[in-house]
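Heads up, there are several structures right after this.
What follows is a pair of complexes built around chain A, which joins chain B in one and chain C in the other.
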Partner chain A sequence: MTFLVAAVALLAAGAALSLLLAGFPRASRAASLACLTAGCLAGLLPALLVFGGGELPALRIPWAVPMGEILLTMDPLSAFFLLPVFVVGLAAGVYGEGYLEASRGHLSAPAVRFFYCLLTASMAVVVCAGNAVLFLAAWEIMALAAFFLVCSEDRKPEVRRAGLIYVVCTHTAILSLFVFFAVLGGRAGSMDFAAMKAVMPGPGPALTGLFALAAVGFGLKAGFMPFHFWLPEAHPVAPSHASAVLSAVVLKMGVYGLLRFVSFCPVVPESWGLALLALGAASAVLGVLYALVQHDLKRLLAYSSIENVGIILMGIGLGCLGLSRGRPALAAIGFAAALLHVLNHSLFKSLLFLGAGAYNQALGSRDIEGAGGLLRRMPWTSLFAWTGAAAACGLPPLNGFIGEWLLYRGLLVGPARGAAFAAAALALVGGIAAASFTMAYGALTLGEPRGPAARGAEDPGGLMLWPMSFLAAACLALGVVPGPAVRAAARAAAVIGGLPPAAAAEAAGAISSPLPFVGALGAGVIGLAVLFWIVRRALLTGRRVETGPTWGCGFSRPSPEMQYTASSYAQPLARVFRGLLRTEVEAAAPSGYWPAGAGFSTRTPDPVLDRTVSPALALLERGLTVVRRVQHGRLQYYLLYVLVFLVLVLVWKL
Partner chain B sequence: MTALAGLLAHGAALLLLPPLLLGIIGKTKAAFGGRTGPPFLQPYHDLLKLLGKGAVYSRTTTWMFRLGPVLSLAAILVAGCVVPLAGGSALSFTGDAILFAYLLGLSRFATITAALDAGSSFEGMGASREAAFASLAEPALILVLAGLSGSSGDLSMTGMFGGAARWETASGLVMAAVGLFLVLLTENSRIPVDDPATHLELTMIHEVMVLDHGGPDLAFIQYGASVKLLLWSSLLVRLLLPDAPGAAGWAVWALGVVALAAVVGAVESTMARLKMPRVPQLLFVAICAAAFAMMFMVK
Partner chain C sequence: MEQIAQLLLAGTIFLSFALLGTASLSGCVRLLSFQGYCLSLLPIFIHQDGFTPRSLLLVAGMAILKGWLVPKVLLHAIREVRAVRETEPLIGYGVSLLIGLAIVVISALLAQRLPIPAGVRSGLLVPVSLATMMMGLYMTVSRLKALTQVIGYLVFENGIYLFGLLISRDMPWLLEMGVLLDVFAAVLVMGIVIHHISREFDSIHTDRLTQLKG
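Presenting the complex of A and B:
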């Protein structure tokens, strides 16, 4: 625990030093980088200690806040969530220094560093807090730090709009959590989590109400449908390393909250499991479909985060079903799949956002349609991004596969036909994810450049490349040697399900017994591919190997503009699902014998933000304008109002 | 000793048999057309000829283009380790069916990225269609797997495709076979989804993705495609035909696979390729058939 406190203190010191030394840019940078590195490494130690089988005593420090206490506890569940917080926090933080330097004054470096360190520290406290007041305080610091990171470039109107949407949503979430903890704390007479767990109500309206409050409060943070709508607005406009942490880790705090809540419940009604499973499947399918039709790279990644949160939610739903039906093995596999996907998604999504930041800086735009050919010009970034993209499609031998594989196992041996349909939805999601990521990756990095910005692009500096290489290596390592991570997830899953040690050990053994085969076959693919590469090289030595133009099917003057674009690539699937997507097309077809111009653009509004929330708010505003007629700025009428009011009061009192 | 012999037979069948299936399909099509057709062993000659050639690479391409054929073939062959031929698979564990589906996904991912690397609009078009149709075929496969795991209580390929046809759920079995056959046609780019013999690039899917590959690369791709055909055929054969120990089992299996290749050839000779926008409808039929199979089989 000392290490955890030291980590939080170091991160806070990094934040403070970044501001205090703002006048000396190099000192500020060196100090905050050193504090961040030391803090994240120190924070990882206790988490690894817990997975080694160690028990850490809780840390209690009195706090003047009423009913509050600085109570830090660490069970396997907290420890598991510390992994993404500190691993991604460190990688993205180091990258961030390179990113801030390369942004050439677009961003205020001391402020971004300050909020970044604060965000990382507050998340560490959120997952280890054992007292609701401390939890809420850390939660609010996290939300506000994230808000300021989103608004880093507040001169742009779209950034201000995104920030506003984000801050409204995050405060709705915390409002819901205030009520949730107030109700529980009132029953328990204490804000300690242990006391709250003891007074959880049995099945009935009270428990359902608490579940609804938790689902709204934590769901708005986790970003599953229909609570996702702030996410595709807020995540793209933040600096890329902050987007990486927002998508990869901050969303997972909502997942953590939900899991902690489930661990409180003595009984889990079956309807919760079914609801979460359905919500997760819907979130995953719609998230990936909307990712497919985006042209903005970071927006695409944000929608893909919604998809992955949906997959995590399916795991949680399956775990809840296992609990409600008294099948501990099923509960363990569901929760373990969810947790494993939390870790895996945090690694590959942060990698992809870091790659997106490098492309963004090289191109000066987030649009994928104008790029192309970057694999030749930015070889390292593109190699790492390729790893991330393949992991995001859930392909072996990378880490994304392991979590989905566990989830499939749970769903297929699972409770009933509904689970089989959820598995089919997961298969559809996997297929469309592969289409989305090959689309984005192909449009950005493969083929010929479609514009001057792409022609002149170059790899970023080492400070940005090394963190990406580390994350890519982690994605591969967890895919080939999945054992340790899966066992850690199984231990944390046992905490959520409240399984007795014997059942937990049995479930963990069943979960991880086929893993060596999966890892070995994954490694086998790599080995065979290398072997075939060597065979081909041996075959081709001494023969004629030529280069020529791409075969244009008889057309001799192809140009880069004739390449397939991302929109055309997505068209067959977008056509199949046009009823769900309702894409708006603006097309000006060429007309006449000598067409002067033509244009084509598509836009897919978000189903919740643009089609539900905004119209509803507009309707509300229109309703309220009726009342606003009395407020017109004419003093005489205001005096008249005062007189009328006084007369009314007089009449009433008579 | 028998285990070793079985493993060797598995490896030999997996590595040597696949091109023969293409020869059988070709011969069937020729017979329907009233021609003699190329000999059964023609695909082996074609592969050997391609392996003996040099190569021409497009100036646009990078290592991604060269990685496509080797990674794709490696993924397909590793997937072959978990597919039961006769008697069982080389390697069997809980959840290997999912690994099979995703290894084929990896092979597709490698082919698509290699195709996009050439920067040709034709190859982009093929890649786009491949990605779209594959993502619609995958739910059908998973639903069939869900049904089989529900009825056999096992989540390994060998257990699910145990060969002992469960005729007490005959209706489910028929539905599963229909779904699986449609997925087989889609995954292996056969008519009515894709026409491997067409000569117009605009109407192709798989062939247009590999337009720029030549020499040993093309040999890897075509060999990989034939292995994939064998794997899918084997699944369907194991679903429908009974298993027997030893040589009898191999004979039944080989007969089944050869007959299935002839059926694919017959479908190809008697049907036209569907219009591209109609293909998703065919795949929805596959998904529905698989869903019914699952409903019948899962109790």
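Presenting the complex of A and C:
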């Protein structure tokens, strides 16, 4: 626990030093980088200690806030969530220094560092808090730090718009959480999680109400459908390392809250499990479909995060089904799959966002249609981004495969009634995810550059490449040697399900028994790739190799404009799902023998934000114009309102 | 003793009426100063055991603040902005007096429903305090100059103070000082604000402030 406190203190010190030394850019950078590194490494120690079988005593410090207490506890669930917080926090933080340097004054470096350190520290407190007041305080700090990171480039109107959407969502979430904890705290007479757990109501309207509050509060943070709409707005505009943390870790805090809530419940109604499975399947399918039709790289990644949160939610739903049907093995496998995917997604999605940041800085734009041919120009970035993309598609031997494989196993092997649709959805998601990542990766890295920016692109500096290589190595390592991570996830899953130690051990054994086979499969894939490469080398020796255009197609003078674009690649799939996507197309088709001008553009509005929330708000605003007449700016009339109100209250109440 | 208390209360309400009907700014401030003196004397007469060192201290403090210091600040402000009279009130003086009358009737009706704590000598205290509050608010509503609005606000505060007298023996010393400090700070801030309004807009008419609306 001392290490955890030291980690939080170091991160806070890093935040403070970054601001205090703002006048000395080099010192500020060195100090906050040192504090961040030391803090993240110190924070990882207790988490690893818990997985090594250690028990950490809770830490209690009195706090002046009413009903509040600084109570830090660490069970395997908290420890599991500390891993992404600190691993991604460290990698993205180091990358961030390189990113800030390369962005040359677009961003205020001390402020970004300050909020970044604050965000990491607050998330560590969120997952270890044992008192609701402390939890809410840390949650709010996290939300606000993330808000300021999103608004780093607040001179741009679209950034301010995204910031507004984010802050409204996050405060709706915290409002819901306030009610949630106030109700529970009122019943318990204490804000301690342990006391709250003891007074959880049995099945009935009270429990359903609490579940709804938790689903809204934590769901708005986790970003599954229909609470996802702030993600595609906020993630693209933040600095890339902040987007990486937002997408890879901050979303997971919502997942953590949901899991913690499930761990409170003495009984879990069957309807919850089915509802969560359905919600998860819906957000996975819709998220990946919307990712397919994006042109903005980071927006695509944000929709892919929605997809992955959907997969995580499916795991939670499966776990809840297992709990309600009294099948501990199914519960353990569901929760373990969800947790494992939390870790995996945090690794590969942060890697992808960091790669996106490197591409973004090289191109000066997030549009994938203007890129091309970056594989030769940015080989290292492209290699790491490839690793991340393959992991995101759930391909062996990378880590994304492990989580999805575990989920498949839970859905198919443990025959859960009513859950078969989820397995089908997961399969569909895997396919479309592969399509969208091949689309984005192909448009970015293959073919010829479509613009001057792509022609002059270069790999970024070492400060940005090393963290990416580290994350890529982690993705590969978890895919080939999944044992430790799966066992850790199984231990944390036992905490959520409240399983007795014997049942937990049995469930963990059942989960991890086929693991050597999975690892061998991954190693086999690698071996096969190496074999192919050797065969290719052998076949090519002694022959002349010449390069030519990939798709000549009979053109005598092909130009980069004739290449397949990302949209054209995605078009067949998008056409199949056009009823769901409702893409708006603006096309001016070429006509005649000597066509002069032609254009084509597509835009896919978000189903919730652009088609539901915005029209509803516009309607509300129109309705409220009547009230606006009262708002004329005349002081006298305002005072008159007060006077009239006062007299009315007196007459009414006396 | 009771008669003196009644007299002071009657004086307070009479001065409020006079404020409603006065156009001259310095006249308003002088009336306000009189009202302040009336109010400051009340604590020793209104309670059955009024003559305590504590209430004497309160009297001295109130007299200095409400009767002398605040009017002095306001007169200074008047000299500063060279304003002489409220030229164009939103509601005329005659109508204002009638509205004031209506306010007194309403307060008397309201006061019937309020219990009077034991030890308070005059039943007039509650209606007078309610009427003073409402007249003060009414003044801020009906006048345009920032200065008269400040005066209205002070009259409103006087009403609150009167209401506080009802329970003044139970009110802690610190709270009384808090109220005094509050009023003084408010006047000071308003004095500065008036100065700024006059400099920005060449006028202290508050309806010009609508220009600030976004």
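Assume the second predicted complex is superposed on the first by the 618 of 654 C-alpha atoms of A that agree within 3 Å, B and C clash if a C-alpha of one lies under 4 Å from a C-alpha of the other, contacts with A are read in each partner's own complex, and residues count from 1 in each chain.
In this text, a contact is a pair of C-beta atoms (placed from the backbone, for glycine too) under 8 Å apart; a residue touches a chain by one contact, two chains touch by 3 or more.
The structure displayed is predicted, hence computed values, not measured ones.
Note on chain A: of its two partners chain C and chain B, the one contacting more of its residues is B.
By the touch criterion defined above, A:Gly497 lies against neither chain B nor chain C after alignment on the C-alpha atoms of chain A. Of the two partner chains placed by the overlay, neither chain B nor chain C lies in contact with A:Gly322. Of the two partner chains placed around the shared chain by superposition, chain C is the only one that A:Leu635 touches, whereas chain B remains out of contact. Of the two partner chains placed around the shared chain by superposition, chain C is the only one that A:Leu643 touches, whereas chain B remains out of contact.
Within the superposed three-chain model, A:Leu654 lies in touch with chain C and out of touch with chain B [touch as defined at top]. By the touch criterion defined above, A:Leu395 reaches chain B but does not reach chain C. In the superposed pair of complexes, A:Gly287 makes contact with neither chain B nor chain C.
Within the complex formed with chain A, the residues of chain C that make contact are 90, 106, 110, 113-114, 130, 134, 137-138, 140-144, 149, 206-207, 209-210, 212-213. Every residue of chain B that touches chain A in the complex is listed here, in rising order: 51, 53-62, 64, 66-67, 69-71, 73-75, 77-78, 81-82, 91, 93-96, 98-99, 101-103, 105-106, 108-109, 112-113, 116-125, 127-129, 131-143, 145-147, 149-150, 153, 155, 201, 211-212, 215-217, 220, 276-277, 280, 287, 290-291, 294-295, 298. Residues of chain A touching chain C in their complex: 632-637, 639-640, 642-643, 646-647, 650-651, 654. Those residues of chain A that touch chain B in the shared complex are 372-373, 375-376, 386, 390, 393-396, 401, 404-405, 408-409, 411-413, 416-417, 419-421, 423-428, 430-432, 434-435, 438-439, 441-442, 446-448, 513-514, 517-518, 521, 524-529, 531-533, 535-536, 539-540, 543-553, 558, 560, 562-564, 568-573, 575-576.
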